[in-house]
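The block underneath contains the structure these notes are about, expressed in structure tokens.
Letters A, B and C name the chains as they come in the text, with residue numbers starting at 1 for each one.
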Amino acid sequence: MTRRRILAVAVLVVPAWLMMPLENSIHSENLQLRYGGAKVTSELRDQIGQGMAIALLAGFRGVVADFLWIQSHDYWAKKEWMRQYSYMKMVTMLQPQSTMFWDIGAWHMAWNIGYAVSVDPQNRTQAEGIKREREWWDRARDYLQQGIENVPNRPDLYFAMGWLYWEKYKDGSKAQEYFHKAVAAKEQPQNLSVRMDGVQRLEARAMEKSGDVKGAYQCWKQMWLQDHQKTEQIWTVVEREVKRLEDELRIPENQRVFPNPRSEPASPP
Amino acid sequence: MNAEQENMTESTQPSGAPAAREGEWVGFSLSRVWAIAETTFTEAVRQKVYNILIVFALIVIASASFFSQFGTEEQLKFMKDFCLGAVSVFGTMIAIIGTALLLPSEVENRTIYTILSKPVRRFEFLLGKYMGSVLLIFVSLLLMSIMFGAALAFKEQRMVSALHQQSSGVPLTEEQKQEVHATVRQIRAEAFDPDLVKAALLILVKLALLAAITLLVSTFSTSMIFNVIVAVMVLIAGHLVGSAREMWGDSAVVRWLLAIVPDLGSFNVADDIVLGNPISWVHVAKVVVYGLGYLACVVAAAHFIFSDREI
Amino acid sequence: MDAIRTERLTKKYALDWRRGKLLALDRLNLRVAEGEVYGLLGPNGSGKSTTLKLILDLVTPTDGAAWIFDIPCRKVASRLHVGFLPENPYFYRYLTGAETLQFYGRLCGLGGAALKKRIDELIELVGLTRARDRRLAGYSKGMLQRIGLAQALIHDPKLLLLDEPTAGVDPIGSKDIRDLILQLKKMGKTVLLSSHLLAQVQDVCDRIGVLNLGKLILEGSVDRLISDQRRLNITVQDLPESGRGKVEEAVRAAGGKLVSVEHPQTTLEALFLEALSKDERGAGEHD
């Protein structure tokens, strides 16, 4: 081999070795960031077929997950609920960090499939329909629980769980617990701020519904005391609720936020 | 010819050409590199490489139009995933196929003779060809990104106006208005995610690296098909590095062997960006440095091989 | 100072392991003086192209060395003084004539208004003014040859290497190229050309060298090589038949020997060119 060829090989190998620390650093950051450590098991690979498996290898996880999700939607249209369910589970196995899949999946289960099976003409009795509907609520709840374990820092799934308890199970105290977790979640993306304002209001309402009127009042009061410049909360609603609960709980005048119905309220910060 | 011959015989002295002494040095000239890069780029464009982007445009339009039975969040995710995937695929094709032909066609057509017989260093020629290829990739990515961005903007507009239309017929409570407002906010944020730029940047670096590898192979092989096949094999190997590390990373020998192949998977942040996972600029910078480092080595290796090559 | 000087220039090509090495050029010692037109002749595979490639540093010598105006050929600087027209030149088809010259000019470090002026001069010189803005894909072979000459001259080099400059070109184009070579010589340039077309080489070259299987087997000035010093051609006009016998007698009396008496012939080429120039309609596709 000529000298130049040896040089060529050397320049390909030696600097690559010198860059190993950088490569390791990138790799470990990746493991933390991506896929939540979700490995593609061989069962999953068998289920999704070869074409998709190759796409996975090329790094197109999102695209594969989307394809499977679209297919699951097909099964929804065909009313093949269990098929849809199994596909949705595959999708979240591929992209467990997508709050969207957990969220919408649970919605499909509890709201769409749940309703469909409750009015299914094949039900022998109405009770059977209700029982089947509840099964799907439970599936949705377990699904969301898994989602929360995978994405514990974002508010989306806590809110979804709270909403499930609020609308379906009609369990005010559980709903409130999850709404609170949503508001208290570590990551609060800017684009969700308006929605989170709404979740705060829901939390207070859920508290009141579950019987904790004092807690609800504290909730509304805390909301009112936030910096009015920093959030886009609907202050008219907050004010109305605070005033109503102060009357209902007969809070002493000197402790009220709105001491006298005819006078100015304590000026907000 | 013509009667001007008489005029030409006046000048018996050679004019204009720089007088040379033994010690004269022809330095590295960026303008020569640029001249070669420009012609390389122009050749590819005039050979209608960009027709491939028409197919890309169709994919973008399709991804924006076909999924109206899904919710807004789903539609935006589909669009971003499919379009970024298409950018990657088409970009890879342009990078590998565009570069695989550069040197072989010069040698086969013997245009290389007229170039290297001028006072041009071989490295300037190699670099010029490579830069022409990188320019081609960059402009392609730019065009694709613009199409993608325009489609996202268009889609966002459609979704927001549809939302407003739905809620315009009925009087809304404060809370309902806020809900609409919240949804619009969310759509906007998902459509105009500035982190998409990070994904595009890393795709660019990865493609430049792939082009460099193809260039390296083409310095010792004149068959375009061979060049493409080897480049694709390196592409595949680069993607397998990640999983290979997990499976066999215990053995030091394996780790050192794997280090030689660039980990191409690390350039693929599209999935994470679409999911909204935070990828810091520090991380992006690390990957860019990694990619540029490899790139420089590959180009250097190509230079060592090409400088010796008999034409 | 010689324009070109080679010392023991040798090139071996490695073939596959069974056939060993091919000796393309065997210790060539060549000197081309400044200002002369040198013709390198030889059959296919004799090493002509290899010699040109070695001088241009397109291939590396196995042994020996070459210099252009005393600058080693392995240095890039040597190519400041040489222009090359390869055999069957090929350029970027999508560029126009002027753009092509612009490209090569920039490669030589020229630019701006000076380069533009030079391009205009050269296009005028090689007679491609009408086609300067046409893409090279639409050029005929003769036109490609001429743009090739123009790019070789773009940086006004003192030395020109031409590989088969008239191969495949019709007689008119061929004459034009030969005239151009003579013109360049008048300008003081040195030309090394390699060719198969011996009759054409004879017209332009001062000296020739013949290569065979990598070795220079014959070299010398054209005049001295091809003229037979012992014989004399005397051309007479309007001599009646009766006078012939008297001339023969005179030659024998002076001690010479009459070898042949026949009508002198013009060349087919001259006849062809004359016929075309006399045709009022012009000489066809030549711009």
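Everything below uses one rule, namely that contacts are C-beta pairs under 8 Å (C-beta built on N, C-alpha and C of every residue); 3 or more make two chains touch, one makes a residue touch a chain.
This is a predicted model, so every value here is computed, not measured.
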With subunit B removed from consideration, the chain sets that still hold together: A | C
Chain occupying the middle, per Cα centroid: B
Remotest chain, subunit B as reference, centres from CA atoms: C
Chain centre separation in whole Å, for subunit C relative to subunit A (CA means): 81
Whole-Å gap between the CA centroids of subunit A and subunit B: 36
Cα-centroid distance, subunit B relative to subunit C, in whole angstrom: 46
Of all residues in subunit B, the ones touching two or more other chains: 308
Sequence positions of subunit A contacting 2 or more other chains: none
Residues of subunit B touching subunit A in the complex: 67, 69-71, 73-74, 77-78, 81-82, 84-85, 88, 174-175, 178-179, 181-182, 185-186, 188-190, 236, 239-240, 242, 245-246, 255-256, 259-260, 262-266, 268, 270-272, 274-279, 283, 286-287, 289-290, 293-294, 296-298, 300-302, 304-305, 307-308
Partner subunit B, residues of subunit A touching it in the complex: 2, 4-5, 7-9, 11-13, 15-17, 19-20, 22-23, 25-27, 29-30, 33-35, 39, 57-63, 66, 69-70, 73, 95, 97-98, 100, 104, 189-195, 197-198, 201, 232, 234, 236-237
Residues on subunit C engaged by subunit B in the complex (per definition of touch): 53, 56-60, 69-71, 75-84, 86, 88-92, 94-95, 103-104, 106-109, 111, 114, 118, 124-127, 148, 151-152, 155-158, 161, 176, 179-180, 183, 186-189
Footprint of subunit C on subunit B - complex, ascending: 1-2, 4-5, 8-9, 11-18, 20, 22, 24-26, 29, 31-32, 35-36, 39, 42-43, 46-47, 109-111, 113-121, 308, 310-311
